[in-house]
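Reviewing the structure listed below.
Every chain is named by a letter (A, B, C and D) in the order it is written, and numbering of its residues begins at 1.
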Amino acid sequence: MSRSPYENLCKNAFWRSGVSTKDPFSIEGLYRRKFKILRKDRIATAGSCFAQHIARHLKERKFNVLQYEAAPRGMSADVAAKYSFGVYSCRYANIYTTAQLYQLAREAFGDFSPAEPVWEKDGRYYDAQRPSVEPYGYASAKDVMTARKKHLEKVKAMLLDMDVFVFTFGLTEAWIHTESETVYPTAPGTIAGSYDPEIYSFKNYSYNEVLKSFNKFLRYIRRARNHRLRVITTVSPVPLTATASSLHVLSASSYSKSVLRAVCGSLEGQHSRLDYYPSYELITAGFTKGIFFETNLRSVTSQGVANAMRIFLSEHDPQGNENPKSAPPNFPENTTQGAMLEDDIQCEEILLEAFNK
Amino acid sequence: MSRSPYENLCKNAFWRSGVSTKDPFSIEGLYRRKFKILRKDRIATAGSCFAQHIARHLKERKFNVLQYEAAPRGMSADVAAKYSFGVYSCRYANIYTTAQLYQLAREAFGDFSPAEPVWEKDGRYYDAQRPSVEPYGYASAKDVMTARKKHLEKVKAMLLDMDVFVFTFGLTEAWIHTESETVYPTAPGTIAGSYDPEIYSFKNYSYNEVLKSFNKFLRYIRRARNHRLRVITTVSPVPLTATASSLHVLSASSYSKSVLRAVCGSLEGQHSRLDYYPSYELITAGFTKGIFFETNLRSVTSQGVANAMRIFLSEHDPQGNENPKSAPPNFPENTTQGAMLEDDIQCEEILLEAFNK
Amino acid sequence: MKTKSICVVGNSHISALKGGWDLIKDEHPQQQVTFFGGLKKSLMNLDNIDGKLGLHNAEDAEFFKKISGTDDFLNPDQYDVFLLTGMGLYPNAIINNYWNYATPSTKNSVSAEYFISDEAYADMFWQEVSEGMMLHVARIIRKVTKKNIYISWQPFLSEQLFQIPWRAKLFEPILINDDYVFIHHNMQIISQKLKDEGFDVLMQPAESIFKKIMTKKCYSTGSMLLRPEFNQEHKELDVFHMNAEYGRLCWQMWDLR
Amino acid sequence: MKTKSICVVGNSHISALKGGWDLIKDEHPQQQVTFFGGLKKSLMNLDNIDGKLGLHNAEDAEFFKKISGTDDFLNPDQYDVFLLTGMGLYPNAIINNYWNYATPSTKNSVSAEYFISDEAYADMFWQEVSEGMMLHVARIIRKVTKKNIYISWQPFLSEQLFQIPWRAKLFEPILINDDYVFIHHNMQIISQKLKDEGFDVLMQPAESIFKKIMTKKCYSTGSMLLRPEFNQEHKELDVFHMNAEYGRLCWQMWDLR
């Protein structure tokens, strides 16, 4: 019988020895992997903007990051990024909410059809589920649906094949088709579509909704898969560009991120093969004094990302090359590899800023 | 039909205009009160350490902060603080979890009796539900129970009388009596008691547990009360001193605080007479660059508290005196008023640091 | 009393000792007693000024010099022993709170609203004493001399306090519960702390005590104001100050070495 | 052709124009043609060096001067018109991806794995061209002269590409689906952008084209390496370079003013 249950805890269980006396670059043991990721493991990535960094760093370390919708051969990094090629394992662009993730999986397996799947703008037609991937849209709704059909085949293949799924939780705020509860990654009218309050409504997903959607997603794909899945979750440290919650954006961000972080904590406890990687706290915690944010106090600096990834990779690739040779900037041979530039992260959400007048 | 639902939002809905271009001292509109608090309203305060600041600032502004267990006449501020007088409206010391709050209410009304109510240490006896209020304990368990009975009468009166309840959510981690689920504010063995894993166990309350306990508390006291209650919730920005979760303390803190913030967001949406005051994000958000934390990266500076309270009081007491005359440091006439010194906050939780060896 | 030269320091309470000394000084020609005093809280500022103890404030300094008859500050070399009186060394904190704050040692836990530890009382009392005027003066003197310093408890309030309703309300429950022990015990704790710090402690003469926690009326009636120019009694219901008889009793009972 | 002095600039592809000019230059005594060239990607570094256009790298500069026969850098004042050839202006990006990336304009959406927008193709193609060697050279020349600059499309690959299985695999679906229009359309988009930038654009002579998107074998067989000292043909299955006959055809069809 010990006097206090805190007597035999390690140094990292105490704020003073675990945090106060460390700096964000020397903090140790913040993350202990639950399971191994091998270089041959097929890794799929999805989620909000911040997930793009993880994908890029894993690729640089030569992990087997799946690419089911690569950029056309010879497409430059700039153009590939503009058309959302090479950002994630499929060309779904950012998936901000777990509701959208679950919806996408059901759609890929033919169990769901989104309402209002095509949004129009200035005579062009956009995939409402990923309006940013084709910045000029298509000439017809039919073209959008053809592209989506091809896309969903790839998503399905990815969901079936992947050994490791890396997902970054991004937002709780979303816009839905009120009647069907179809969720969209952007508000109608941001990239395409037009906001009709009779058709669309604002949704701020609660803790339970976020949690349930993710668990439903896991259960749903498990039925179709024949091998075990490991999952790595993270929470995007990037605050909201704008909120429709009627709260101040600082408070709305705090709420959203808290819900997501709480959900990840819960998921981590529920699933033995689901790991939470704490890049969120490493970048946002008060003890970092904001050094990992750009002057807009929103974007994460490349140093912040590098530091977060260093800690992740120190667990999953401790022998890895810290500074792999990067491809020359011109004449990209394999544009899929080179498509993601360090500071060139795709965020549809930032487009909301255009409405700040 | 507007093009985008973000077109007509105000500046505070956008990160750039609401946050990036502000500093933590000039941020506006972060908090808009849901209801008024008048100087005559009977205000009761409870919660984790940070709630003490709110109580003190309200008292300084001459709000009617209830005091049901004042310090004896002539007790100096130092001694009053040592014995937890004048910290909250009753002498319950810090109430870190909503489970404990709900349990206390039931106990006050005679519907609950805690298991293992008295903890021993070195031949002295302590109230397991508030071991810090008597630092030397009592000579017998009977004395502890006599003191507790008197205390509970006051708690009951407070719960019945108060018009406004200010509660600061502090922790999700707690220690419970395994069989009865009696929750304690400290781990056995921290201040008193001794840790026996056969009797006590660690509990990290989930989002749903935290939320439910608080809602149960509200429903429970409503039955006994005959006038409406307004509630102000806040989340303590102070990270954990130590965690028993097996996570790194930074990650454990991030999880705990996220759960609490998410719960407050949910409560705020559920109850028209419950307001959330966002001091948590104002002090912890990345955009503050950690300026509101002391060098231990844990304690909040008095400037941080003052800034948070300034924004709170600008809504509830815009005409108030910003710099009320403070009592002279010697010969305190009314020690209850003077009991709380700016940097002299009572935190049993910090005692865990003693086990960091 | 075998000492040659006694220095008495105190606030208004030195008046009783001064009056008492006047009554008996002819019987003790070998003894010399000098009284230094300050009104209200002025001795809180007693300080070492060029080797003598005095006050910086001009008015207080003037009074301090004048009342002593030396027309000077207190020169510690000139005295064999020091006797400190009054200056708030009184169980105020205990008596004032007893009626509403019970402890495990008291018998009023049913009637009192609150129940707190004996330690809380003791801490409160000691904090008051250790930050009070008596101990300030005692410590200032100790810094300049190794001679004996006697600290005397301020007398209990006069039994006439029962003519003041709010004071009666504070004392009645103590009497009803026969809880004088609680008061005495707390005073003993303080006395011990003072002794631990190297002071001698003088208790109120037993003959003057009424019902364990008050002073007999005959020792309070006709107490004189300290200001010698007034030569005037305290107001009728002053229950704090004692008369010259009380002073004489003290001189008789206290053994200053 | 009425121009007096023509300056041809290009990579290995100038070989065909040079061979062609040799065949017809006697018929055009009033014309003078000077050929400037660089191997591989060297013209990517063409620069204005003291008013003349040349290369900083010693080896590249030497070749550039030598092949022109002027033994000097390109002095823009000495020419009436500029003809740019080869240098990667070819619908590589379109042809290479067609088999697996359909668009609303193509007819292969059933067989292709991917379906993307025509704009993605156009952006990719223009990005390649605008960052490519041809436009670099054209822009460098434009900076020093207002004279006409003719940009000629690099010829389509020789029909012999069908002897190379992986190339055949890229071309077959285009032929099967009769989707040459998609290639031409994308080339037109680029041509228009080049015209918008102030250049004249020369298309491959129609007589030399096989099945809309290749070059007839008779124009590719026996193409010569650029290095004059080698006086040697390209390797047998070179499908990029054209022979002197192709060069002659170009000189006949193109109207340089």
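Just so it is clear, contacts are C-beta pairs under 8 Å (C-beta built on N, C-alpha and C of every residue); 3 or more make two chains touch, one makes a residue touch a chain.
Small disclaimer: the values here were computed from a predicted structure and weren't measured.
Undergrad: Determine the shortest chain-contact distance, in steps, between chain A and chain C.
TA: Step count on the best path from chain A to chain C: 2.
Undergrad: Roughly how many whole angstrom separate the Cα centroids of chain B and chain D?
TA: Taking the average C-alpha coordinate of chain B and of chain D, the gap between them is 76 Å.
Undergrad: Express in whole angstrom the distance between the two chain centres, defined as the mean CA positions of chain A and chain B.
TA: Computed value for the inter-centroid distance: 35 Å.
Undergrad: How many angstrom lie between the centres of chain A and chain D, each centre taken as the mean Cα position?
TA: Taking the average C-alpha coordinate of chain A and of chain D, the gap between them is 44 Å.
Undergrad: Going by the touch rule stated at the top, which chains touch which?
TA: Once each pair is checked, the touching ones are A-B, A-D, B-C.
Undergrad: Give every residue of chain C touching chain B within the complex, in rising order.
TA: 92-93, 96-97, 100-101, 104, 109, 112-117, 119-121, 123-124, 127-128, 131
Undergrad: Chain B touches which residues of chain A in the complex?
TA: Counting only chain A, the residues touching chain B are 1-7, 9, 11-20, 27, 29-31, 175, 187-190, 194-197, 200, 202, 206-208, 237, 239-244, 246, 248-255, 257-262, 265-266, 276, 278, 280-293, 295-298, 352-353, 355-357.
Undergrad: Which part of chain B faces chain C closely enough to touch in the complex?
TA: Touching chain C from chain B are residues 69, 72-76, 78-79, 82-83, 134-140, 143, 146-147, 149-151, 330.
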